[in-house]
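Have a look at the structure below, then the notes.
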Amino acid sequence: MTDRPISRYPVPNVTDLPEDLRTRILAVQEKIGFIPNVFLTLAHRPAEARAFFDYHDALMEKDGGITKAEREMIVVATSAANDCLYCVVAHGAILRIRAKNPLVADQVAVNHRKADITPRQAAMLEFALKVSQTSGTLGDADFDVLRAHGFSDEDAWDIGAIAAFFALSNRMANLTSMRPNNEFFAMGRQGR
Amino acid sequence: MTDRPISRYPVPNVTDLPEDLRTRILAVQEKIGFIPNVFLTLAHRPAEARAFFDYHDALMEKDGGITKAEREMIVVATSAANDCLYCVVAHGAILRIRAKNPLVADQVAVNHRKADITPRQAAMLEFALKVSQTSGTLGDADFDVLRAHGFSDEDAWDIGAIAAFFALSNRMANLTSMRPNNEFFAMGRQGR
Amino acid sequence: MTDRPISRYPVPNVTDLPEDLRTRILAVQEKIGFIPNVFLTLAHRPAEARAFFDYHDALMEKDGGITKAEREMIVVATSAANDCLYCVVAHGAILRIRAKNPLVADQVAVNHRKADITPRQAAMLEFALKVSQTSGTLGDADFDVLRAHGFSDEDAWDIGAIAAFFALSNRMANLTSMRPNNEFFAMGRQGR
Amino acid sequence: MTDRPISRYPVPNVTDLPEDLRTRILAVQEKIGFIPNVFLTLAHRPAEARAFFDYHDALMEKDGGITKAEREMIVVATSAANDCLYCVVAHGAILRIRAKNPLVADQVAVNHRKADITPRQAAMLEFALKVSQTSGTLGDADFDVLRAHGFSDEDAWDIGAIAAFFALSNRMANLTSMRPNNEFFAMGRQGR
Amino acid sequence: MTDRPISRYPVPNVTDLPEDLRTRILAVQEKIGFIPNVFLTLAHRPAEARAFFDYHDALMEKDGGITKAEREMIVVATSAANDCLYCVVAHGAILRIRAKNPLVADQVAVNHRKADITPRQAAMLEFALKVSQTSGTLGDADFDVLRAHGFSDEDAWDIGAIAAFFALSNRMANLTSMRPNNEFFAMGRQGR
Amino acid sequence: MTDRPISRYPVPNVTDLPEDLRTRILAVQEKIGFIPNVFLTLAHRPAEARAFFDYHDALMEKDGGITKAEREMIVVATSAANDCLYCVVAHGAILRIRAKNPLVADQVAVNHRKADITPRQAAMLEFALKVSQTSGTLGDADFDVLRAHGFSDEDAWDIGAIAAFFALSNRMANLTSMRPNNEFFAMGRQGR
């Protein structure tokens, strides 16, 4: 069996992209050594791609009550619930690196209830999964649970917005059959 | 029973917003006579709001094989599947106006199988709902059905991306308990 | 796209109907100015139609701890859960008129958790939706919640019986592809 | 463990009932030797009970393309899908008697796909279960399948209306915790 | 309609089976007068059959905090949730006999919430059904509920392991279309 | 966060186990360098453990139309559908090794529709997932699909029986909170 293609849609050459997207992509390549396929797949539609990456960075690169590793946990748990191969594998790699933990990504992807995480992180993931799967049933009681674990309402927005953004991202990856780069599967699995 | 607030989160004064958001919002107010609550709710986080509205406009204001009225149909059908009051009511109003049809929004929101739409539009909504609800099961056969109704693969991206974007939007509206402006409920119901 | 027919089945002429049904239908026409399509659709089977309207009136026209507007709320919420276009649109109109509220029908149809209703009404709708969707799981605890909101056990019967009757009604409307009269869509949307 | 009561609600004395209900109930008792609990439970509300039994008889006692035994099969299969103890047990007994078959009721209740029934009966039950469980998704294709098995559109109404009526009946039984008479469990199990 | 066969797969002659299986099967026949079809169906694969019956006996024939009748209750309730005709009918018969109760098997199969069982037995079945249907969501709180009803953690293993074993058994019966022997349907229905 | 324990239940010392289990376990340890936690967890109940490992070996160690790597694919796909951390991680490692492919286990666990597998393997996994998740709906058409891909009916038994056995295994792992050994997470990820 040969490998599937990067995307169901045409993938642009980086050199043909508008300058802002090209610069953004080359910066990532410079940093990690390869271009994640999400950039190549979504760049098929530059205007949408710009908004996508701006939104992503506004949610994932900020500081606050939720650590960057915890933000990746939310991505992995909700993406697994949406059967999104790209996001589970790519963000699983980032989670292993940011958490300096080679086990937690697979644990959270398969069943966060059995993961080596704190009760506070478990509550965070329960809230994120409710936003992801049955957001219409959210109510005051869900925010109360977060507060009881020390999360502010701004933290709740962060958790919910990350789950919401990856609801979009997972669907784009499934629509385009976006392939995770082979590099991601083994990243961050050493140590411990 | 008094009316619920616009948002569970603080709502900024338009005059306090960064200039680009203020300009964008005042242009909408100029055009339709009031400020849709989605602008006030999401402007609580300017960086996220900018990306949100850029993404929205890239998908909803463009031309192509899917008319603007049909784009709104996708929004209404998928938002109803996600129990999103704001999006069903606000985009229901826009759909009635764009389609010059006072009935179709309620029809599509409750059960598109009983709506006065064409078989091509029904196929479009089936694809959109699959992206919205079970995107992990999408496959070649789903694209084949669209092609048999005359949709190109770029049209399929449009349909899927709108369903994906409102998967995000619905979750933000449910997270924030975003209230639809009272004006939307009756808009576009005259005529015929 | 032309409008769909009233019913998948033959629709009788009112003048050809048995006298009791004809009298009942003409009285409604006299009162509201048109004949709701549910009468024409179900009159295809007079014996079933008689029992249907007798049952309906026994539940919906009585007084008691649940107001007539609240009875219509139950109909709208449970019919939306069953994807029944006829009942959501027709009873949405009646709800707007009985509640003198142009917003509440759409709110309850899309997501009652975001509606401008009282906590007592929200508890009533939760019970009704449980009867409608998962009646096999009903237990003493559900009745206790109603009692805590001041409902008697006879009120509980009313709530449950309305949800049960429209479980029947929704299925007949979906079976026959019963079309809501165009008049219903805009009724009761003025004011406020 | 003592037996549960007949109903969660008060059960009237037959002698205290309005004459028409009393006569109807005594006729049943005369015929089968005991009073099925559905009569005693629903007679708590005479107006509703009258409509209920009129509706029941209009659907279940008529002749047509569906035999009386097949009508009971529809009741048993859909009532099992709704976890309704009363209807599965009471109509299971009637099915065994009408079909002169001591096995078919349990087969249809647990999994009609493994029952000793004809392909035509299996198609009838598939249609009935779709009306019962997901009526909003019914479409022309479902009627086409019935026609391919020799059912007329009037037969389709019968099948669908029985499924719809027992959607109501199952919910009333679950609401009231209606207890099946002990007699029903063993009726019709002899022979073969 | 003729009866369906015992299995979708070839059924061996008992005389052709390896001696240990033949002995085991003849002992059952000696005891109850006929050979339950599960033996004939699974003996198509002797190595798997041996492990199956060893596992079954380790769980069902032991003593402990759960009576043998209660063990059968778990089988009937979880097998009904899995639409397994063979297990509901065969173990329903065993349950009636072990509990000396002609009603409880049908009650538990259709809706254990309406059955004549104790609150302790109801808690046991809730735990078993959670293991059977959504085992990934099990947590400490579920064990706490069992403890509050006087079950030890070893009892919890028994309950869960029986539900788990019949998750296997139900799937083998559905895979092979295993037919319950006609004898089982009426067994244990006398008395009371 | 410290690591969770191996099991919610007491874990025996290997030296205290009955000789046959001790021998079996030490042979595995000899071969792979550590004792998989499933042995230690299930050995808490020796009689059940014996039957479990006999059953496992009868299904997983045999030859036939399904390769050993494909058998592990079935385990990984169905265990992911059941949210079973132990089985996804442990059998994911075995799958990587047997398939000599560091990517396929994660692909199959998250979404087999996006995996680098053949159409024949995809059909095998669809059948396995149907046995695993909705076995009551299996019918002749499902076997026909397998045959069209070249599988014999004995292969169908293998596929179904593996899915059925891991339905049991997944539930035992979730019941006991069985922890995958840390070694499994990184095994077989080199190469390619």
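Details
Labels for the chains are A, B, C, D, E and F, by order of writing; each one numbers its residues from 1.
Here is the rule we use: a contact is a pair of C-beta atoms (placed from the backbone, for glycine too) under 8 Å apart; a residue touches a chain by one contact, two chains touch by 3 or more.
On a predicted model such as this, the values are computed, not experimentally measured, just so you know.
Of all chains in the assembly, those touching subunit A and also subunit D are B, C, E, F.
The interface at B-C recurs elsewhere; of D-F, A-F or C-E, the pair that shares more than half of its residue-numbered contact pairs is A-F.
As a whole-number value, the distance joining the C-alpha centres of subunit C and subunit F reads 51 Å. Distance between subunit B and subunit F, defined via averaged C-alpha coordinates, is recorded as 44 Å.
In terms of their C-alpha centroids, the spacing between subunit A and subunit B amounts to 24 Å.
Touching two or more other chains at once are residues 83-84, 111, 136-138, 174 of subunit E. The list of touching chain pairs reads A-B, A-C, A-E, A-F, B-C, B-D, B-F, C-D, C-E, D-E, D-F, E-F.
For subunit A in complex with subunit F, the residues that touch the partner chain are 1-4, 80, 83-85, 88-89, 102-103, 106-107, 109-111, 114-118, 174, 177, 179, 182, 185-186, 189-190, 192.
Against subunit D, in their complex, subunit B makes its touches with residues 111, 113.
Touching subunit E in their complex are the following residues of subunit C: 136-139. The touching residues of subunit B, when paired with subunit A in their complex, are 8-9, 44-45, 47-48, 50-52, 54-55, 58-59, 82-84, 131-132, 135-138, 143, 153, 156-157, 160-161, 163-165, 167-172, 174-176.
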